[in-house]
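Scrolling down, you'll hit the structures one after another.
In the two assemblies presented below, chain A is common to both, partnered first by chain B and then by chain C.
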Partner chain A sequence: MVAVGQVKSARASRAGLSRVTIYRIVALVIIIALWEGAGASGLFFRGVIPSSIFVIAALLRLLGDHVFWGHFGVTLFEIITGFVIGSAFGMLGGLGIGMNRYAGQIFEPVVEYFASTPKVVFLPILLILFGIGVGSKISLGAISCFFPLALSIAAAVRGINQMYLRVGQSLNLTLMQRVKMIYLPALTPAIATGLRLGFGIATVGCLMSEIKLSNKGLGHAAMQAYGRFDIPTMLALLIVIFATAALGNILIGRLIRLPGPTNRRITQLPAR
Partner chain B sequence: MLASILRPPPLIARTLVFVALLGAWELASLAGMVSRFIAPPPSEVFPAIATLFTDNDLVAAFLRTFGEVFAAAGIGSILGMIIGWWLHHDRTAGRAYTDWIAASAAAPLVLLFPLFLVLFGRNAATIIAMGAVSALPPVILKTKEGLDNVRVVLIDVGRTFRLTRWQQVKMILFPASLPTIFTGLRLGLVFALINVVGVEFLIGFGGLGLMIAELGDRFEIAGMYAAILFVVLCSATFFFLTEKLETWLLSAR
Partner chain C sequence: MMVPALRITRVSKHFDTAKGRVTAVEDVSLDIMQGEFISIIGPSGCGKSTLMNMVGGLLTEYDGEILLDGKKVSGCQPEIGMVFQEESTFPWRTAIENVAFPLEAAGLPRDKRVARARDLLDLVGLSGFENHYPAELSGGMRQRIAIARTLAFEPRILLMDEPFAALDEQTRMLLGDKVVQIQQQLKQTTLLITHNISEAVALSDRVLIMTFRPGRIKRVLDIDLPRPRSSEMMGSEKFASYVAEIWRDLREEASKGLQESEAAAR
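On to the complex of A and B.
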């Protein structure tokens, strides 16, 4: 019975696969056609929706331009530094409020409500504290990244099978041993989810502060292109930014191999 | 006895921690350890909230921001529910596009705002469009999830009663998937709020976000802290209320 069901679903997925691919190609064609049509229609100001050929040309030009790679390096440095700092604190905070029930009762609502606030409003304070250089960008990225990690890990810690913890107690494990042998393995999916959400949000934090006030980085370059009304270059920079975020997300997913079939996909939505 | 003093109820403990932090901040400022141009003490920040009402028209900024948020979330929710229903209804489309939508939920969508800036100009349309776009993924995903997970037995009961397609939707599919859909709507609303305030701040247009940017540019540091505090309180309250509304609606069913 089960075997029949499996064969059936396998056959259906094989037959459906080509249809899915067709659907995807159709969607891409429609999106490109809409873009080109809107650009050619004259409904928008001239040059606001440049043909995708110009955008690709601008992208290729950027990739051969050493000034662009300078901006790219600065942004990458900011995102990674902010991400590392924010996730380290986020993991510690999540473990803290997850492992201690009382601490969780006190601080978890605070973390949860802060998680739903727009972090970019803290930027003026960070600008005063760290200046308009990379410091304010890194700190905003780190602050943004803290919350998804802390929340997803705290929730996962509470979800750990109590049996494992009792076994740990019977074996007289020290705190470090418990973290290493019980918490970390049980938390891998939550850490992976948190890290992926955190990376996206750290990217938003760093890029938003670059866009607001900076003299380096991809956000700065995009705003400069906007100022010159060089829309193809601006869009090419946006493509680079989104590709970087997507690549980071995939890399993190690859680095942390997820055990179990249920955890392969991000099911939790970020609160920015 | 001692235990209850050492471990007061969480609400009281939380308040005590806040008071202690504010006190430490005030003392540090008094002792000259923190410059009041960097972090003005609470005794200057809290009165500055009152000044925001009188001098900066806080009420108007608040109404404007939340008007934009509800417009954005409204557009995003309607579109999102339609798309979610379509992805549920057309299974091939669901398989083809759900992963894309899930990927866009983790993508830094707000960084698309320069695109909307050139399309619509520096005005409320850009802000609302950006908010609506960010509200879309959670609404789509949760609508589809809710409809997909309606128990087959419920649908079969509908068949037994020979319900028409519309009756099936109205009496079975919609009520059964409502809790999940509502979670999506709530997330969409929160995402819209975060992105509306963020874009306001970045493009210097609109309500609360613009107010923070302006106060910062004018170096009215106490006022700026007060405005940031106000926005944080607003969004936390907003989140709290939508959460309560969700539990209330679900318990009233």
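On to the complex of A and C.
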């Protein structure tokens, strides 16, 4: 199955663009056409759906504006810090809940209930605790990313092939050795997925709190543009936010090297 | 007289289940000498694996005593190596990294463990496959990696719980030859758990026949066949008579097991 797929895609790329790429371009063109059509139709309040040309112009203007880069830097700092703190605790929590039966029984229900709560309800408390600066944004981002990561890793720990653990047990491995030599490599796919998910959710947490109450950051800038009814700038900022989240996601996917033969096959494919 | 490498004295194990108390192993006593190859054969449900888990230290609550070189076995220890029936190679490690796993845990420097792992892969006939991942190898090759991995830390006693059960008949015979050859080379004290009669005869110095639940030793049979052995002597008359003898003892136990599982299904 895999081999057939690889052969097919290799053939398509030799012929030019692959079929998937063509569909993607077609979908993008259709979306832009619908957008332009909706804007020109007069069905909406004037200026709500500006032509994509204005949006692109606003985007280019932003990229040359040092004030924008200041906001961008603040938001990026918040997202990364929140993500690092939240995912570190999320991984530790997930391992703890998954590996220790009692910890699981005590904490898992609590984590599950909180995971399904919208984290923005914590914002008033966080604002009081950490102020309206980056502190409240980082903490909301961290809290948002903690729960899904902890839950998915706890589930993955329980799904580990028991034979791996028995081998570890028969060799009398210490807890640290078991974590380093069995749990972490066995969990790498789950951790990779969890981190990518967590990064997106940390981004949502940070921006949500920026939009609610802040004096810096991309969310703040977007709300300012909204206040001025500068819709092209607002949309340009949204594009920047979207691109940042997507790039972060791709970067995490690239940085984590999945162990085992699948990764190896992908890198070896051109040589064959 | 020599001190046995492994002495099992009056070992019993009960499990408390929802349906009441089940005796898995009852009053098993056995002395295993250094370098001896012993097979334990019995029907499914005779407590073979329970016995192995007790010897290996995975099960620590039982009645009786298990002594390794005169010292009581408590928990897992490096002197006893285990090979499991189920797939147990680590899919994220290459063949050589799998074999080096216990050496890495023991803190051996990289060049030493690689050299040692390479020797062991060679011993199980897998040189040339060092950098293959388990997913790229056959079931028989993966099981050989598991055996090499267990041999890597030079256990005094090798416990194998139906290591060939998941393999096809031909692979099983060839792998059996390999195991005998390695065992003779290393003079490795080995305890093999199996339900395959010809395998037990072909490999062992002694065969232990166990009864169906509760698992007791029904009979110990000395296999007086010349070494070096290989699967080729399976055609010999003496071999066939051993197989027939074991089957006579085992048949009764196996049919008890069958009856019980049929009754349970009803």
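The rule we apply is simple: the second predicted complex is superposed on the first by the 235 of 272 C-alpha atoms of A that agree within 3 Å, B and C clash if a C-alpha of one lies under 4 Å from a C-alpha of the other, contacts with A are read in each partner's own complex, and residues count from 1 in each chain.
By definition in this document, a residue touches a chain if its C-beta (ideal position, glycine included) is under 8 Å from a C-beta of that chain, and two chains touch if they have at least 3 such contacts.
Please read these numbers as outputs of a predicted model, since none were measured by experiment.
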item	value
Clash or fit, chain B versus chain C on superposed chain A	fit
Touched partner set for A:P118, first chain B, second chain C, both or neither	first
Contacts of A:G200 with chain B and chain C, given as first, second, both or neither	first
When both partners are placed on the shared chain, which of chain B and chain C touches more of chain A	B
Partner chain(s) touched by A:K212 [first = chain B, second = chain C, both, neither]	first
Touching partner for A:L238 - first (chain B), second (chain C), both, neither	first
Which of chain B and chain C A:I128 touches, first, second, both or neither	first
Closest Cα approach, chain C to chain B, once both complexes are overlaid on chain A (Å)	17
Residues of chain A defined as touching chain B within the complex	16, 19-21, 23-24, 27, 44, 48-49, 102, 105-107, 109-110, 112-114, 116-118, 120-125, 127-129, 196-197, 200-201, 203-204, 207-208, 211-212, 219, 222-223, 226, 231, 234-235, 238, 241-242, 245-246, 249, 265-266, 269-272
Chain B to chain A touching residues, read off their complex	7, 10, 13-14, 17, 37-39, 91-93, 95-97, 102-103, 105-108, 110-112, 114-115, 117-119, 137-138, 141, 187, 190-191, 193-195, 197-198, 201-202, 209, 212-213, 215-216, 221, 224-225, 228, 231-232, 235-236, 238-240
In the complex, chain C residues that touch chain A	56-58, 75-78, 80-82, 84, 86-88, 90-93, 101-102, 104-105, 133, 135-136, 149, 153
Touching residues on chain A, where the partner in the complex is chain C	161, 163-164, 166-167, 169-173, 177, 181-182, 185-186, 188, 259-261, 264
